[in-house]
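Just so it is clear, A, B, C and D label the chains in written order, and each chain counts residues from 1 on its own.
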Amino acid sequence: MHPHPHPPNSNKNTSQTLAKPKLASSSQALLQVQKVTKTFGGVVANKEVSLTVQSGEIVAIIGPNGSGKTSLFNSIVGSYPIDSGSIVFNGEEISSLSIRQIALRKLLRTFQTTQVYTRMTALENLYISLPQNTVSLRSIFSVPSKGTKDKAAGLLEFIGLYDKREFLAGDLSFGQQKLLELAMSLMCEPKMLLLDEPTAGINPTLINGLIDRLKTIRKEFGVTLLVIEHNMRVVMNLAERIYCLAHGQVLVEDTPENIQNNKIVIEAYLGAQ
Amino acid sequence: MRDFTKNDIRLFIALCSLGLVAPILFPAYINQLSFAWIFVVIALSWDMQGGHMGYNSFGNIVFFGVGMYAAASFQILPFFSLGDWTEAGGVQTFEHSVSQYFSGYALGILFAAIAAVATAFIFGNLILKMRGHYFAICTLALGVAIGEVFASIEILGAGQGLSLAVWPRGFLDDTYRRLFFYYQGFLLFVLCFLSISYIIRTRFGMTLNAIRDGEDKAESMGLNTNFYKISSWILSAFFIGLCGALVGHLVGFIDPIDVAFSGATYGIWMIIMAIIGGKGRLWGPVIGALFFHAFNEIFWTYFLGWQRVALGLIIVIIVVFFPEGILGFFQVRKKSSVSALSTQPQQQKK
Amino acid sequence: MNKKISKLILGFSALTLLLVGSATAKVDGDIVTLGAAVSLTGKYSTNGKHTKNGYDLAVKRINENGGFKVKGKTYKIAVKYYDDESTPARAAQLAERLIKQDGIQFMLGPYSSGLTKAMAPVTENYKIPMIEANGASRSLFTKGYKYLFAILTSADQYLAGAVDLLAEKAKEEGRSLKTLKVAVAVENDPFSLDVRLGAVEKVNKYKMKLVLDEKLPKSLDDMAAILTKVRALKPDLLIVSGHAKGAATAARQIDQFRVYVPMVAMTHCDSAQIEQKYPVGAENILCAAQWHKKLTYSDDDNLFGDGNDYVDIFTREYGYSPPYQSAESSTAIQVYVDAFKRAGSFNPQKVRNAIAKTKLQSFYGNVKFNQYGQNIAKPMVLLQVINSEYNVVAPTKWASTPLIYPRPK
Amino acid sequence: MDSIIQFFTTPSFLMQALINGMVIGALFSLAAYGLALVWGVMNIINVAQGDFVILGGYVAFYALGISTPFLEALQPNFFSRILLTPGILPLLSIPIASSILFVFGYLLYKVIIYRIVSRDLFTSLLATFGISLALQQLMNLSFGADVQFINTGLPTLFFMDDLVALPVVRLFSLILASILSVFIVIFLKKSKMGLAIRAVSQNARAAALIGVNTDRVYAFTFALNTAICGACGALVGMIFNLHPYIGTPYTVRSFMIVIFAGLGNLPAVILSALGLGVFEESADFMFGAELRLAFVFSLLVFVLVFRNWRLSKKREYLK
């Protein structure tokens, strides 16, 4: 109902208005998952999974359906307690923390089936996604500030949803909701993002744009990315390293080029399908 | 939808001016008008969780009852022994002097708010972590249980009930007594409406909506959902507790089950009023409450012995033909014209 | 949208104010309108109906007889009813409405102490006299109300007589009073709690043992647990009070569980018609009553005649025998008419003063109010169900049949 | 405190509480199962459940009231003698109440309920609340406000030195409730309509796609629920009292039971119903009937809070 008072900024300007964390210069691991095991009843979802993500990297996780990728994400962000193992983020053990505490440490995720606030507009979805450890009680009980509004509008522009800013999130298409969810995460100024199949359901013609944006996110916003993805073209274009999971265990860790030709990986995929 | 448009402001001012002069225009109806404002307030307050936050509470009547008892007993306590006051066979008569009445009154109102807020805080911490049906059933059980507990507290009169302090004899005319309560109800409405209309525009209000739409998501974004849920329940309890205090004074006699913790009347009415009007919308509970109250009164007058049949049928009709509430009905009809327009601005922009 | 809302709101308010009715005068031409809120629905609807029938019958009778004369002019009576739905909150609202909107200046009481408690502050505030026939709680008369008049005996007197009877019988048998055990089970409402209080005071006075002091369960009509305890404790007297539903439940389940107590006393037997509906369980139960047709009172104004005449007239009209709730209610109207005549005016204040000086006898009994508005001129009676008939067994002055004690097993 | 110790040390008290609790629980389980059925299949919370129960009681009451004098007036013959044996006619009134309520439920569905099927829960809550309001007053107007009951003329059994009493009619209700629930289970498992009901409850759209007439299934389910309520009501009339305004307790309890047991789980519904009954009766003994409701409902709150607290350790919650 209130159009944005100022025309949206260009991509470049947007990134400047955002707080811009330094790119990790050292090769210190940002996320270190060690021997994480998680079972549900008798079903083993993850068995002694270990993986490492360096600051500033884009890492992909692939694997056939049911190989425990999403479970691993859930374990990392604290959706439920893990059985054993350790998860260290930014030098801090987080495996005993709740999902909210982990989010406050700027480790966020998106969901495979989108989760947006369906009966709120796209802009409102962003307004309340500000980093929570910096908000004051006063700002909670006031209307969104101009800074917040600008930032939200800028992010929508960046993600390509500015035209739909006043739409209810529930009225957006599945792909648009995915993008909105990504924008919500960015609003929160994360250090690291776990993306669960970011391109699923997105119009194939737009996928290249999305890959570019994800790279921009890493470059301009300084966000480390860990991505679950089925689309091999995306994986090959995006990731610098790839972990392949099967039956809840890490099968292989390698560069995209090597993975492509790895027999075990191909077998795992074919075997599962 | 969230913003307070010019029309909203006009409407609100119109309603307020109507509210200010109504007792002068219709002196015979002051009491009913007081109840109308109170109904609006409890419906609006319920809608804070039920509508905006999506937590369907059947137990908000607890705050109503607690507020009522607090207001009544703290008006008595400083001046008389509560035990003597409520004792069934007591032969003493008690009368408040003017100053006692009003100082006690103020104290009672204060404690009504405190008690309701404290109750909301304590139980909010315990049960607001549940969701969906479990939350609903838990609040329902809480409402019944607390009512029954109050019905067995001797010092508050147990099943005998508790009579409130009587307006000081000989002080001012009776019309002033009624105006005194009416304008409090009206003030409560103005306060409640303004705070809620403000709150739903803030990030707080948006977060409540977010909790309604996806609490897990909100939590995974780092939002402290518990804080928001409890705060909103407290806010709701604050207003409902004050309403309870006011209703206590208007009725003059508290029966634990039939007046204070009356889940079967006020308890379910606050939900029905919000839904009839359209829940989760600012004006919905207002319309719903006025509608409900009006029809209630009309039926009572004209359908003696059949009034509940009539009320029941009208509820069924509303639900069947206006599923989104009265307000939702008009919005849906309007939406068809809006959506035709909404595609055009995009083209115009390019 | 908002225009629609404003239209809606304005429409409602206009409609409501039109429909809710306009204030009318209490005396319109030759019709005097009394106001009453009675429980047509809700938990008290059984006795609410008895109350309304009592009012209606007296009104009908008076009007059929040509009305009554005040200062040479003949007036007729009408009653404006609302349904209080058995809730005090509603009753208080309706009292306001009757007085302020309908301009009623003479009120009749609702059914039950709780509702009367809710209405009394309202009538008091507006200085409108209220004659009530169904609010017996003692606490009604300790608030210093000046406009409340009750033509019935207060609740604590209901079953105190039963304890007296037990003491009397024990003395005859030569038993020590201290060995007597009494069990009490009452509903958690103002009236029944007062009944309990009166009985317990007597129990303490005689130094009997109160072995069971329970409240009847709220929603379900189930006193199985209480009766099991009674079976184990073997009291000499069981006292039950809980309006019509309580009486029905008790009579029913005492029979169902075959619990034997030598003396059982309860209230509201006749309004629950336990003697017809539960003939086995009700046999030899003692019932407290404000009135019985065999009491030898008759109308000063000759409206109905005596108790038997009233029963005949009532039964012809409504098809069932009147419980005392109806009789009281009819007499409340008689008291009003008497007061109107003596006041010679329809000024509420003058009528109130006339009521305060009431001294009359009706088929129901004598009516004379003390300073608290209580009728002190009539006693309570205890009836016993014998062969599915109510017989007066106490006080001895009226007793038509000797008490059957202990109840045969 | 004394009464709690007394309760646990007196076998006759324990026994009586258990028996009475089971009887009441059996009644609750009937009402609750109907509610669970309608809720599970049609996604409707029926707030008028208790009023259907009472209506069933009144139907049985009047069926008996009409038929008994009629039979008594007949020349005594073989059939009338059998029918007038204590307990037989009341027993027969149960299926009568059931079938009349079945028709009533079917009509109600055709007039109102079909419009609110598969809307959100609150819609059904409101609509059935309206029905409940209207039904209560209609019963008051047509059946009168007097407290009624159904006289079965059945005897009472005694155990444990006559300290524990079990009226045969209560035993009746327990047996009948069990038979009825077995019947319902078999019906849902074996009959064609039962299968259709289960299919619709799992996925209405898929069921409709494979040719199940969902509207018919809904109508039948709703009518089945009212029929069960009818049977329950007849039993309530025989054991407790009938009054137009005492339906709500049955609604509240069925609601509690269903929430507690979960939808579509008959054994759990029956178990929780029996459990609730026994708890209530025990509370009567331990804390006095005055605090019965307070105890039961506080217990419910406590159980839920406790379960939620345990779940919260697993970072889950009751949902």
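Throughout what follows, a contact is a pair of C-beta atoms (placed from the backbone, for glycine too) under 8 Å apart; a residue touches a chain by one contact, two chains touch by 3 or more.
Everything numeric here is computed off the predicted structure, so don't read it as measured data.
By the document's definition of touch, common neighbours of chain A and chain C comprise B, D. Averaging C-alpha coordinates per chain and comparing to chain D, the farthest chain turns out to be A. The interface with the greater count of contacting C-beta pairs, when A-D is set against C-D, is C-D. Centre-to-centre separation of chain A and chain D, using mean CA positions: 51 Å. If each chain is reduced to the centroid of its CA atoms, chain B and chain C end up 35 Å from each other. Our note on geometry: chain B versus chain D, Cα centroid distance of 33 Å, whole angstroms. Shown for chain A are the residues in touch with two or more other chains, namely 79, 99.
Shown for chain D are the residues in touch with two or more other chains, namely 136-137, 248, 252, 290, 293.
For chain C, the set of residues touching two or more other chains reads 40-41, 86, 188, 215, 218. Here the touching chains pair up as A-B, A-D, B-C, B-D, C-D.
In the complex of the two chains, the chain B residues touching chain D come out as 56, 126-127, 129-138, 140-142, 144-145, 148-149, 151-152, 264, 268, 272, 275-276, 279, 305-309, 311-316, 318-320, 323. Chain D contributes residues 313-316 to its touches with chain A in the complex.
The part of chain A that touches chain D in the complex is made up of residues 78-81, 98-99. Residue ranges of chain D in contact with chain C, taken from their complex: 10, 12-13, 16-17, 20, 24, 136-137, 140, 144-149, 156, 158, 163-165, 167, 169, 240-241, 243-246, 248-249, 252, 280-281, 284-285, 288-290, 292-293.
Those residues of chain C lying in contact with chain B across their complex are 1-6, 8-9, 12-13, 15-17, 19-21, 23, 40-41, 81-83, 85-90, 92-94, 96-97, 100-101, 114, 117-118, 121-122, 124-126, 137-139, 142-144, 156, 187-190, 192-194, 197, 201, 215, 218.
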